[in-house]
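Multiple structures are listed underneath, in structure tokens.
Two complexes, one shared chain (subunit A), two partners (subunit B, subunit C).
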Partner chain A sequence: MAQIFHRSTNTISRFTIFGALVVTALGLWTALQLERSPYTTFAGVARPQPVPFSHAHHVGGLGLDCRYCHTSVENSGFAGIPPTKTCMNCHSQIWTNAPMLEPVRQSFQTGQSLVWSRVNDLPDFVYFDHSIHINKGVGCDTCHGPVDRMPLMYNYASLQMEWCLDCHRRPEKYLRPRQQVFNMRYQQPDEFHPVEFNGQKYTGQDELGRALVKAYHLRTVQDITSCNTCHR
Partner chain B sequence: MEFRRCRIKGRHRLRSAAGLLLALGLAGCRLDMHDQPRFKPLRMSDFYADLRSSRPLEPGTIARGELRSDSYFYTGMVNGNPGDEMPFPATKEVLERGRERFNIYCAPCHSRTGDGNGMIVQRGYRRPPSYHIDRLRNAPLGHFFDVITNGFGAMPDYAEQVPARDRWAIIAYIRALQLSQQAPLSIVPPAERDRMLSQPPPVPATPGSGATTPSGTTGQAPPEVKK
Partner chain C sequence: MEQKDRVEEISVRHGRPPVMAPGHTFATITDKISSIVLTRPVSLGWMLGVGFASLWAFILLFAVSYLFYQGVGIWGVNIPVAWGFAIVNFVWWVGIGHAGTLISAILLLLRQSWRNSINRFAEAMTLFAVACAGMFPVLHLGRPWLAYWLFPYPNTMNVWPQFRSPLVWDVFAVSTYFTVSLLFWYQGLIPDLATLRDRAVNRHTRTIYGFLAMGWRGSARHWKRYHTAYLILAGLATPLVLSVHTVVSYDFTIAVVPGWHSTIFPPFFVAGAIYSGFAMVLILAIPIRYFYGLEDFVTMRHLENSGMIMLATGLIVAYGYIMEPFMAWLSGNKYDMYQFWDRAHGPYWWVFLSLITMNVVIPQVLWIPKVRRNPAWLFLISLDVLIGMWIERFVIVVISLHRDFLTSSWGMYYPTRWDWFTLLGTVGFFFMCMLLFLRVLPMISIFELRELLPEAEVKVEP
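On to the complex of A and B.
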């Protein structure tokens, strides 16, 4: 009886079996990467805004403190988007005829709010509170990135749960002394740039982090990684 | 015949299975839970004509604990005239709080030393008077409170940005600033005096050199953000 299949079928079948595995694995890997990529998270993507407000100019250039505009960040869950009046504190006298600022002047005259598009937008099933993070020594730029160098605002982090948990599992990796929270140029301590806390100099983030966790009475990792810490 | 019907049935089943899978897949893309029909702060709402879900306060609303029964604390005025007393003791904590708040809200124009040459002034805002002139050195505390609360001349009010207690803390710090620019050597404790005289005078900071950088990190090259 003649052979039904040609000899080369052996190679082809082997190739397809392993090929199928590789293709499936590659597909899964691509899906995972896509899920974490800016395509999904919009990390690093500036959004169109009614006025091209530049944090780089106002924070990096002029040296305004975050809290000049985001007044409620230290004692409320919401950092606060400034009312138009805060813009007009300066722009009633500076750049008064700039066409770029026309929406701001319009808003101030009519009382109609400027409609900014939200950049750091957490899903609605996440309970997030700014004040607790600020008061436990999480720096603004730990989550928001180098805002003082962002001409247009974008979210620096993916804002995905794995990103939240990275810090909630090992908060000592990121904490800094409270008085450095708003410092956009803060550097974690190293041999040459020690960081002072409670009169003691620390040359490594490990020791500093552990000291801060203790001094600021952080709840246990078990507590802050429990589901209902963030989903309530 | 029988065979053909069977094949058609099979094709139907395959098609409906594919449809179901697609529906399930699309269901995964729904963002109902991400964007729930409730108001987070400042979220837009087309229920109201002005689209604001965070409603402006009705006139005359008094928040819990904010009944302004202590009129001096909230106005700085006694019988229509500015008073010259702190409504609470100016402790070290109060002064430190005042310094922090001053550097956030006042220093952009008044500069960190209070000479009125802050960064915003350098960019064209009308220059405020220095705190270190006789008129302001002799001005009562209540005058400063009134100016912060209601604005004065070109200065807008800061009533919304700075709560009353912080305004008083800032005023206490302004007094400290005024003293610092006029302090005679005789009020320095002897031990400190020797130390001061043996050291070279400190390099004066550039006015308005930045309100965000706390001392200790100035002068360093901008480091890369370390993660």
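On to the complex of A and C.
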């Protein structure tokens, strides 16, 4: 009786045994990478907006403070989206005929709000409060990135739970003095650029972070990593 | 061992029926079993059986599709009975699988030669039963498409499953069980697949069996490694017979619900698992030997032994039934005492009564040797035990939950038609798999049966 399989089958079968392992491992690795990539998280992807508002121009260029528009960020869960009136404070005086601003003028005349598309959008089952983060010394750019250099707004972070927990498990890695929260160019302390807090100069984030955790009465890591801190 | 002694051991010991009918040779065994797969024409009875079983498998598919579309609200589960048929069926099916592993692994290590004729289809039974069981934990999730969250992997939430929860232990217990059972079963098949490859006439059949046989040539070196690997797998599978259902019982014992929180559960569950498993082995073996004319290989010895194991494990289960209320009484805990009073006197009293009748009273007829040696009787008792063991899980899951500490949260559980469709659908799926298996793979291990013959004895030249 003739052989059913060719001699090469031996090699092929050995190859496929290891090949299957490699393919499975690669497949899992790809899936995990894809789940963390901008393809899923939209991190770094600018959303289309009714007016191409540039944070780079208004914050970086003109030096507007975050709170000029996001007025409720210090004492409310929601940072606040400015009404059209806030835009018109300036744009009734400058660029009054710019075609780009036509939707803003339309909105002002008709009283219909501009419909911005939300960029940093957390799922509805997550409770997030801006004020507590601001008041405990979490800088705007810690989460939102260099907004003063964003011509069009995009979310800087993945907004995935592992990203939240990265800070909630070790908040001292990221905290800064309250007066630096709105400083978009803040740098963590090092030997050459110490940061002053309560009259003392700190040359390392470790010591500064520990001092801030104490001074601002942060709740324990166990408290802030409990499920119902965010999933209420 | 002398050849004469061995013949004697196979044929008559203690006046009991032999493991294999006398007069067989290597060739007749191989012919008989391989011809069922290779040359026997498809019979009308088999077609009807597969057709009917597949019909129920499709009903299962339908019920599950509707479940995924609509959610677990289509079932009868609600507070306080949030664990209904899904968990009852899960425990029942996992338990059934245990007999297959006991036969294939523990009886192999104990050198029980009678296992050789029933281990193959008993292992197939294990695989299909665990496949049925494995569906339910996924189906009863609110969002079954996220079932992979049960596995620890570096997820974007940066949290691990709760390792202190027995539900996570379950995931590991059942997936390990399925993997080891599959490997064990497949390894056992390899020499037989090679036999089928060598006997097949059709080129395609030869290629398929040849592919599955993975190049088995039956050389001395092959056999030496084969036996080593087989023993290792048997060693791995042996603790699983005890551990898997122990872990399943932890799902209940770790909780504080009266009627669940009990230290007797692990051994009680394992005994119950083997009890129902052997009932399923008999339910499969009796028709198989009848329809395929395999009375020579699956003899009265096998049926009687299975019946005796059922009797023994059934008595352990009965002991459990006695101990549960006794411990509740001894503890003086009023919630525990009430639970066991409620079983017999509450709204589910008739379920409890049928449990005792079917699981404790009726199987006692197995004490009578005549009953143990009558296939029809054994078949009926096995059916009774299978249903009884299902009811046992219903009693544990539902009756314990429907009356817990707070009277304000007492309630009733009524299964819906979807509960029934899912349960009967898995039964259909199980028998569909079993019937397909009988058709395409050797249902009895050819090479292990050949090992039983006196000719297989290795003789050392003086």
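Just a few scattered comments:
One rule holds in what follows: the second predicted complex is superposed on the first by the 225 of 232 C-alpha atoms of A that agree within 3 Å, B and C clash if a C-alpha of one lies under 4 Å from a C-alpha of the other, contacts with A are read in each partner's own complex, and residues count from 1 in each chain.
Everything that follows uses one rule, which is that a contact is a pair of C-beta atoms (placed from the backbone, for glycine too) under 8 Å apart; a residue touches a chain by one contact, two chains touch by 3 or more.
All of these numbers come straight from a predicted model, not from anything done at the bench.
In the superposed model, A:85 lies in contact with subunit B only, and not with subunit C. In the superposition on chain A, A:35 makes contact with subunit C only, while subunit B stays out of contact range. Once the two complexes are overlaid on the shared chain, A:5 sits against subunit C while remaining clear of subunit B. By the touch criterion stated above, A:125 is placed in contact with subunit B alone, subunit C being left untouched. In the superposition on chain A, A:63 contacts subunit B only, with no contact to subunit C.
For subunit A, the partner with contacts to more residues, out of subunit B and subunit C, is B.
In the overlay built on the shared chain, the residue A:216 is in contact with neither subunit B nor subunit C.
Contacts of A:13 after superposition on the shared chain: subunit C is touched, whereas subunit B is not.
By the document's definition of touching, of the two partners only subunit C reaches A:166; subunit B does not.
Per the touch definition, subunit A reaches subunit B in the complex via residues 59, 62-68, 71, 77-78, 80-81, 83, 85-86, 88-90, 92-94, 111-113, 115, 123-125, 141, 145-146, 148, 179-180, 182-188, 193, 196. Those residues of subunit C whose C-beta lies close enough to touch subunit A in the complex are 153-159, 197, 206-207, 210-211, 214-215. Of all residues in subunit A, those touching subunit C in their complex are 4-5, 9-10, 13, 28, 32, 35-36, 158, 160-162, 165-166.
Across the interface of their complex, subunit A is touched by residues 33-36, 38, 40-42, 44, 50-52, 103-105, 108, 119-120, 123-126, 154, 156, 160-161, 208-214, 216-217, 220, 222-223, 225-226 of subunit B.
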